[in-house]
Amino acid sequence: MVNVGILGATGMVGQRFIELLADHPEFEITALSASKRSAGKRYEDAATWYLDSKIPENVKDILVVDTDPSEVKGVEIVFSALPADIAAVVEPKFAEKHIVASNASAMRMEPDVPLVIPEVNPEHLDLVEMQQKNRGWDGFVVTNPNCSTIALVMTLKPLYDQFDIKRVYVSTMQAVSGAGYDGVPSMAIIDNLVPFIGEEEDKVETEPPYILGDLEEGVVTPAQFKVSASCHRVAVLDGHTEAVFIEMGDNFEIDYVKKVLRNFKGLPQKLELYSAPKNPVIVREEENRPQPRMDRNEENGMSVVVGRVRKDTVFDDNIKYVLVGHNTIRGAAGASILNAELINEIL
Amino acid sequence: MVNVGILGATGMVGQRFIELLADHPEFEITALSASKRSAGKRYEDAATWYLDSKIPENVKDILVVDTDPSEVKGVEIVFSALPADIAAVVEPKFAEKHIVASNASAMRMEPDVPLVIPEVNPEHLDLVEMQQKNRGWDGFVVTNPNCSTIALVMTLKPLYDQFDIKRVYVSTMQAVSGAGYDGVPSMAIIDNLVPFIGEEEDKVETEPPYILGDLEEGVVTPAQFKVSASCHRVAVLDGHTEAVFIEMGDNFEIDYVKKVLRNFKGLPQKLELYSAPKNPVIVREEENRPQPRMDRNEENGMSVVVGRVRKDTVFDDNIKYVLVGHNTIRGAAGASILNAELINEIL
Amino acid sequence: MVNVGILGATGMVGQRFIELLADHPEFEITALSASKRSAGKRYEDAATWYLDSKIPENVKDILVVDTDPSEVKGVEIVFSALPADIAAVVEPKFAEKHIVASNASAMRMEPDVPLVIPEVNPEHLDLVEMQQKNRGWDGFVVTNPNCSTIALVMTLKPLYDQFDIKRVYVSTMQAVSGAGYDGVPSMAIIDNLVPFIGEEEDKVETEPPYILGDLEEGVVTPAQFKVSASCHRVAVLDGHTEAVFIEMGDNFEIDYVKKVLRNFKGLPQKLELYSAPKNPVIVREEENRPQPRMDRNEENGMSVVVGRVRKDTVFDDNIKYVLVGHNTIRGAAGASILNAELINEIL
Amino acid sequence: MVNVGILGATGMVGQRFIELLADHPEFEITALSASKRSAGKRYEDAATWYLDSKIPENVKDILVVDTDPSEVKGVEIVFSALPADIAAVVEPKFAEKHIVASNASAMRMEPDVPLVIPEVNPEHLDLVEMQQKNRGWDGFVVTNPNCSTIALVMTLKPLYDQFDIKRVYVSTMQAVSGAGYDGVPSMAIIDNLVPFIGEEEDKVETEPPYILGDLEEGVVTPAQFKVSASCHRVAVLDGHTEAVFIEMGDNFEIDYVKKVLRNFKGLPQKLELYSAPKNPVIVREEENRPQPRMDRNEENGMSVVVGRVRKDTVFDDNIKYVLVGHNTIRGAAGASILNAELINEIL
């Protein structure tokens, strides 16, 4: 068993880390950090547990410590659920000696930090060596993309491998949990939606071509297609829904498109990593699916569910579909954990 | 005062007709029709009033009649809130002697039936003459577009007049009232959304180029641009929100785009029609607007509110924005009434 | 294994029966009935699956039959999720040869039909013998109470055994699933609540004293206390919440009251029945619990979660608390199944 | 016109004060205070406007000042929408020279501070004289009760005048706006309810007998009946719903009870105060009313709507009913304004 710590363990994503790691066969939670206010308390006393599941027994009594390498002791890997501004300061300190599997956005676009979805671009982990050399660290940081990006790219990857993607338009309908427990007041979302999420569109536009880019001689050259996003918050607890329009350079048979999506497997499936879904992408045929409440928990929340895959009747060369991905599992804690499982297996 | 009747007066849109016509200076409700089950009852007894406003006093005692020209007596104009299949049968019968201002989809795409938004294509009313000649009717049918189409086209019209629009992508987040009072079960939409609305995408794709098309020698030639839509139902009572991506053929200054939207006025504004909003399109600058609950009632629900008007940072020639329009007012009953006001003024 | 059938298998409660019986160690689903419209179809084709779980594989291919004893073949027990009016006609027919474990209200108050919560009044099953004699049936009907009643009575039983209960006031906040999938339109409940549920208050008032009554010489004498209810529908998917005020005839220590609730065990716990929760009543100490979304699934939805157990500061002799019970599991399908498990064990 | 100021003008209740006073015939808003963070800014820049209505033109440019008598200049009356802890410190300072019409709970139960609902106990204003004498103030403080209390007491008053009320049980279903804009996270209330509101039950239990008490020789003797409350938060934007059970000492005819409620008029109706509703209590006969979304805005949100008025079928001497009152209008800002109108008229 590898001892692991969770940085920012009391928030929404921190709690998902705990839930997903509670019975993990390779990783054992031995340290939890949070803000100074919580430090020194038993986890059960420090955190208000927000999830439907119960707070795991083996975590209740862990004493929460300050988010500092001198306090988070005896762990090999730290999972980071920190806010971006704190992550920017703290993650490099931890990386001196630890593997940092981060869900924070702070270091995602640094040229020597891998931004990885294990099914999509595991080869970007090669940046680790350069990162350690550049920075003189014994440990390193590996990041996963933004929640909306992950679900989108998991569907783009199999298409990108088979077809010429020219342009992607994506309109998201995102769950309130993405903003943290207190992020969206009920006054803002009952009988309403909010057509804006800070910095989200930039992430959804920037990250996908980078993730699908080629790593050569230590430099990632982004893929040629581009993504334009419009991001919106809706009255859903968990599960981001995205309407995707793709301008293709090729002719295609829609049944073949579905087959390509359905058959998509990546390295985690090959290696049978513990958190890897059997089917990274599930394609449904019902006209009114995917729906966030009905589909977000597919394969423990680690699959992306796609539906309404159709040839655009207006623009012949276009594909349209709708996807749902669980934002705090596949899109956050689960993503970091799968990264760590892959690292644990291959590095 | 012109005596008017409302066909399908007990449903959601029927009730909006009643609400909007209750104090109308030109039209007086003198007849209400509904299904046979309701015929013979006082309106107050036949209908469960769904709106926040009160059922108007002058309507309570009107006896509901069957939806047939022999029963709907003494009126010049009928407003149709009928389902499409019934409208297809009944509206032609009424048109023999009446002006039919219809919100139903049944006859929208008939080549001799005007599909009109008064601010956008009032000249299409010229089809009326041909319609009467073709069909030997003393009356005629004029239709308004689908709710999502109306809000979209009201924003496209001023842009289309100034710029070269090539492609439009629109992703909608539509209110539950659009499906009628019983249309969306609460079990389907609490903590959820439904990424499908029957026949909606086809309407949103087909109608806009037709409405913006040129009428010459009795034939509408659709505008050259095309629209691709993805339509979704969200937990909002009233007010459709649409995320719009436009591929433009021209360079543009985004401030000029906003100015063009803001300054848009049409014939109803010139004629100062009773239900015409002063500003058909309202542009907001806040980063998190428009929101359906906050913006749907602008100018009594007859304006479309646009926000987040921005140059696409990825695709330089693209415009992106979000709009909100009240689906049962501007997108349904109010649209038919404005059509009738225009007809009353100019025909 | 006992072969069982489910009557009314396509509705909300019917689906819960299927979900709960899919992996049952004693009962095997071999027949499913529904309305004529569904008869002859594979279950997967006949039903729109509403639950978050997946439709069980072993049920998908069962051919749905008409709800008639001549069609529902080869089963010993039938579970009834029928509407009351249909149940009134059909359940007696099935009872000629089958054990009918019914969630319907039709026969609950018949003097020779047991109305049973296994933890509370298993001795009422003695009515079965009289029922069979009276009616000349080889089978019999056993019913479970209304969903709101069950959760309430499970908390009243341990108190009733220890204290003198004089009056109970209960105000419910009930989930929309209780009305069936289409029962509550979203237009009725978004930003709203409905302070009325047809016939519900009568059930909640009539059933508890009857269930807690003594069965002597074939007659149930209701308990002496009475219940007054006010029932309301709120925007919650599953889980009924009830605010309970009890006027007591005794002095009491509130800690002892909590202990009595916590320690409550019944015959199903003693017999270790498969669906029996370890703790029929769970008492929480947080000031803001129980909450339906957080607590409805305790012990697979078979426990009732109680919180805010407090001495009334105004009326010294009163107890106040709030409870949550899963309405379609503990309050419906799970209740019938636990009845059947008890019957299977002891009759 | 009387110049008035609003203390705490940027919050939910502060905004309701502004909305309700914008076109007031007697009061003119000339000063607005808020926290130091907002002081010095134009109101439009300091506040995020939360209401569906528009921010009034005549208020946009008012410079927000610090909440201190030395800053809030040139006003005769101040309306207080301050949090209780700040109100406790600040309101006495303002009362040295101003009339303070307060919605805060801080001073409600002080023996020389009137706690007034103008329709119910206007005679309690006689405490003002004593208050001024006791404290040496030129101004004074008058308070209105808690939002849930006001709606409840408005229905109890006419009953109390005609009947012998012995005990009242009330179970509330309260709107999220009562907690302020950020008070209830959407994660807490979607598909959920929260059965607890801090300090609410104590207010609902303590205030009603006090308000209905007799003021004699400077001392209020509470009415003899008592109230026991259980308070819950539900997913409703505005409008508190309360289920009321009353144990009566008398026989009564339920039709007479309704008549008494319907005919209730108080001093504000007699004096035709500007904000006074024509009917303080509206009684509806539909079985499923009142509903918060449908009924909260009756008479500009100043009436309480009562429905399901019924004789308890279980406890013969009991009355049961459900009420809805607008919590931030009748239950907060509107209540303070009506107090000020009454003072302006009679003191």
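Brief remarks on what is shown
Lettered A, B, C and D in written order, each chain numbered from 1.
Note that in this section a contact is a pair of C-beta atoms (placed from the backbone, for glycine too) under 8 Å apart; a residue touches a chain by one contact, two chains touch by 3 or more.
No experiment lies behind these values; they were computed from the predicted model shown.
Taken together, chain C and chain D share the touching chains A, B. Between B-C and B-D, more contacting C-beta pairs join the chains of B-C. The chain with its Cα centroid farthest from the Cα centroid of chain C is B. We define each chain's centre as the mean of its Cα atoms; on that basis chain B and chain D are separated by 41 Å. The mean-CA centres of chain B and chain C are about 47 angstrom from one another, to the nearest whole unit. Each of residues 190-191, 235-237, 293-294 in chain B touches at least two other chains.
Only residues 167, 169, 171, 173, 191-196, 202, 205, 226-228, 230, 232, 234-237, 241, 243, 245, 287-294, 307-308, 312-315, 318, 320, 322 of chain C touch chain D when the two sit together in their complex.
Chain D contributes residues 12, 50, 176-177, 181-191, 235-237 to its touches with chain A in the complex. Of all residues in chain D, those touching chain B in their complex are 52, 190-191, 293-294, 297.
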